[in-house]
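Going in written order, the chains are labelled A, B, C, D, E and F, and every chain counts its residues from 1.
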């Protein structure tokens, strides 16, 4: 079974659903031209970058064609996570012409999006190069594609935040209000969640930071604080908890934020506002 | 059964899968705080635009909370497709606090993406305002979300291209090569596809335009032609087929392209490079 | 991945569901006899026509056995769409005896139905031989099997109408009433549907034919008209729109209808009242 | 949850899949006309028989509209299994116009097929009226619709054979050959299958009948025997096992077969060659 | 396609769902260590019994690894249903290290449970050795795993009761009450259920036994009767119907019950209170 | 949508699959008796404990009947997690008789298993009462039911270990070997896994404990150590990491283990060797 760094099951499901979405009743053009003897016509194709960026999703693209034509051959010319220039050939492909035509759009839709995420993540990472900070994603991902998008963040050099609501404990305003305070909330959560999970508390000011720390939070999220407040919080916490900066993180501000000394910077933009990397496929 | 302009089945499936992706084993934080008496705590919330844009996906967001809490109330303050300003409240919401917390991210992920698409489409449409041309989407959509993304294009004022490979006939290079020419390809396709489907031929130059027209193409795609060539093709075709401009369509070029007289402009950017509209939810 | 003229995904799903329906907990008879050493016993079988007809679904039948026994061999003696006589052997088959016994009914159920459709379609087509008219199917298909049944119509020599409600625009009485007239309805639909889709209007009399034509309908359905009215409509339309005859089309009337000069004749009977072609499988 | 004589789960799945098949991306015509205010327009409709027959599937048809419009009202004028005449109104229906238009084809496709089966079954049953014999179906059903088709046979007055390979033991030629004789086969099967299941043996001649009876078969299938042989077998068996006649059962032969004294007559024709009962729906 | 005595479809579904449950987003530990070059590292492992018992589920365990690594090799050292001693090596395994680590828990969870059931069943069977009685399971199985659990009972030497509510007729108190007596209930059921199904009636005392027998029940369940009453019932029935003892069957009482002369003893304990057989996997 | 402490989606899926498994084609007995007028007969029932234990799964049992009969009423007499005595009535139930009969087995199968787990967990917890230690479950759960089983452990008073391979980092022998030592393994894992996840290292002796602590493990599993070694390890670690005892934990040893001072004791037995709590349902 196909395995792109552990997500094999998810990847196959995503691809098959995408192909089904694009072909509920075949490809009427291609089927009309190639018909029942479609296996006779075999073609070569190249997948080419049309702008600079970081390639991500080669295994996924390969798998699209493998599912359509078990004998297709997909040969990578670059490695997952490698930088490419406009014009670079990313991979060579050989397979039934009809399979190439049917799989092209699905393969590119996934490859372009994943490369877009890896490219943006890499750009953010380069801004904070040399600083002891991790750039993390969020849950602001595309419904259905979270596994692939979080994988792309890692390929781009970033790090993953919790995968979902089931596997990370994050205490927010409303939890605090309902519990009757940060201390009570942390206690309730610690009592209930697996001991393998760290507890994160969202703090908007120094008072909340102090309470969260006293309550034993493992991670304190500095939520929408200005740089000065963040720096003050980091100094106060002094390594007794991990610190995470969150809110309006963009390419321009990311280095300034990193220099406050926080351990993690999380940026929704990495996945919610993706510009697909321009990549094309050409049958030759 | 829920129906957002005819996509009820698809929408429910997308939402349930998204909720499952985000909660394979519950929301460990919220469950720890609200536990088994979760139905006791009811809250009000507002959904607020944090930047200017066109709202799309209200019915989808409402449905997320309805699926989590059948008694929740979602009251829209703006209409689908309406423009909002940063700060505008888009909808009021009342329901079980735990349902609001669990549904927030999924609802926003969908609402923000759909509004992002509608906003960009509106911007493109305003550029070509007054001209007799349609702005159309492509198949460069997010795997699994095509129905919602194409709906968002319509809400933004755009028009839909074929939904998938099964319901539109588009003859490209490789089809032409395999068939042995445009005329042969059109004939093979016309013979095979339902009579309810128009036949589109991709043409890269005037010679191909002429052949396609002679072969009886219903739509001729002017693929990556420059403005002058497009204008020449439009004049030559003279209404005997629909003309569609395609390739590198962006906000800056779209009016110039429209002025060539083409009937349709298709732009992959509307769906493959979406900037989510900034929208937040706040429990009050 | 298996591909019967582009329907690979659909076909596999149909077969697996059929096998699951027939074996939720194995084949208790065969499992009792062949048990755990079932792979030891290999048999040869023949698939034989027991009445005259047109064979359709060979790839589907082959796939049933392939899914049950990856090493099974299915050798066709006739081609898809070929006419057979009672007694003709259609295919030879070799595989694990238990797989042959378990797959027999599912393979035949599909093969017989598809061949039944192809046979009836061929009979209709022969009636209208030589006339410039297409025989089309409808949406009166078996729930879940539409793709296979429409494929069988094509194999039988017929042509496909729209696949479903999502990919063809057909304006009926109630649409017209709600829109306030044919002209308004056509305009509303043209504004909304993809430009790749033709617009068909159902007309029951000459007045409606005139309105539909004036409104720019691409296809006009002559719904339940008598031969004289149809002929009059065809002459009036004069090639300015495609004409489709619909309503009570059967083998006896089909030639008379064709001679009115309509472009398409659609017949629900091709799929809603199928007589399975008698085909058997015998282990030898 | 919906329950048509115990098949609720299956029925909902079949309907939802059928609606999905017919509307992967909405009903483009109806959505264009009724759009977002589709809930405003409510219509009345009648479902009318256009030929004589036995009605079956009312609950299924009702459920189609209920799934599309939870507030729709479906009022039966006849009872499940009742005979109707051409022109009779079968049911009245009230609901959102768009839901009526979208559900019409799916509801009728199921209702017509089920009524077709019930009608043919009733006709067979009337032929054997007064004789102590049951008319049974087979596994020659439409893949995916077996539950509904077997239900329709019961509504028509027939009886069900085993549902599938998992719940009935039927020993055929190849089982006998592999086991080394009828006696050995029956023993192997009896040892393995649940004690709640009867064991049926296919016999083609008197010698096999004798062996099967001696081996303790609960049911002996008289496979493709002529009338005389069947009568002889029935006399010989003398009530020590149930007898089932099988092979080429049609309306003309069924009474003759019944008069041989067999307990059960099974007829594949009831489900594999169904003529849909002509039923229409009209919005009024 | 994989086939463990006819349950191939079910087995694959169970395994894939189990793997998905255990890896919604990969194995974060293993993926971190082995990463993208996971195919490079290949390991050998042994599966070892850590207590005495009967092995069941080897094919299922093998399939887990096959689905994760198509090239893995699983070599059984014992046969399905064989007794093992603590310390015995059950199978050798070779495959990608990451596949072994990811599949270990799922394979063992299934193998241990199935072996636990087979072990307990064998123990019960040994108690009744030499007596002409069958030990049967019930429907008190684990939701989702019934097919595997009933298979394990057979491997352990037991026999299966009906698989589910659809394939066996069992008349209980409430059916009798609703029908107005045992005789009426048996008649209603016999009229409706397939002729391939035996009819079982639950009887709690001799009066009910007599009524059931007179009504023609094929099987009479002696429900929670004491030994003396059971013996009396068996004598009275005298082979005219199968007798089944049910209620509080455990290892201590099973022989006494068997000696009453009943044909079948059914025991829920075999599947509802399973002690997993201790089996481990060790990479070497 | 139904929500049993956050697992609503999972619970509905499990129940529907269980009902489908038990009724692929209805309940032939109940359908024969109650037929089409099944909604007419309404009954009351009680759910009664037949042995002492801790009740868990009331919401699940209620949901089974709610899915079969939307109007059914399920009234709990005890609370989730409450102790009951043999003979206690757990809940009253009122609904369509046919729904009660069809849902009984599925509801009890789930309720009994969950209560069995909660009962055993409570017994373990009582043994360690007063000590500052948590009793945790493992991944040795029933495939498909992990969410419910881990919920039952919590209801019984226990605590959850990681849910699956995706949401907890556990470094074992083979990871250490492949990484080239504990230190390297911890570094590789820390670099890759989300910062919200704690890192656990399996240690079999003091040397490994020391290395794990030095490498910065958050949790150290004392794997199959004897009591003396565990105590020594706990003292050495001195609160610098959480300590977890694992291996052959049973009711007799659990207090001794707890007294070594470990923070967590994990016991596979809680879920892999469950004795269902004896609970019955009786229609009255």
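Throughout what follows, a contact is a pair of C-beta atoms (placed from the backbone, for glycine too) under 8 Å apart; a residue touches a chain by one contact, two chains touch by 3 or more.
What you see is a predicted model, and the numbers here were worked out from it, not measured in a lab.
Select, from C-D and C-E, the pair of chains that is joined by more C-beta pairs in contact.
C-D
Copies chain E and chain F touch; is their interface built from the same residue numbers (over half shared) or different ones?
Comparing the two copies, chain E and chain F contact each other through largely the same residue numbers, since over half are shared.
Match interface A-C to one of B-F, E-F or D-E, accepting only the pair for which over half of the contact pairs are the same residue numbers.
More than half of the contact pairs of A-C reappear in B-F.
Centroid from C-alpha atoms only, then distance chain B to chain E, rounded to Å. What do you get?
The answer is 51 Å.
So the centre of each chain is just the mean of its C-alpha atoms; given that, what is the distance between chain A and chain B in Å?
22
Centre to centre, by mean C-alpha position, how many angstrom separate chain A and chain F?
32
Please output the residue numbers of chain E that touch at least 2 other chains, ranges allowed.
Residue numbers touching two or more other chains: 21, 23-28, 30-31, 35, 102, 146, 163, 166-170, 192-194, 197.
Taking the touch rule as given, give the residues of chain B at its contact with chain C in the complex, in rising order.
Against chain C, the touching part of chain B is residues 134, 136, 154, 159-163, 166-170, 192-198, 200, 219, 242, 244, 263-264.
Which residues of chain A touch chain C once you look at their complex with the stated criterion?
Contacts found on chain A: 16, 19-20, 23-28, 30-31, 35-36, 38, 67-70, 98, 102.
Using the touch definition up top, name the residues of chain E that touch chain F in the complex.
Interface residues on the chain E side: 14-15, 17-18, 21-35, 41, 43, 97, 100-102, 105-106, 108-110, 112-113, 116, 139-146, 164-175, 178-179, 185, 188-189, 191-194, 197, 272-276, 283.
Contact residues on chain A for chain E in the complex?
On the chain A side, the touching residues are 1, 3, 5-10, 80, 146-147, 150, 163.
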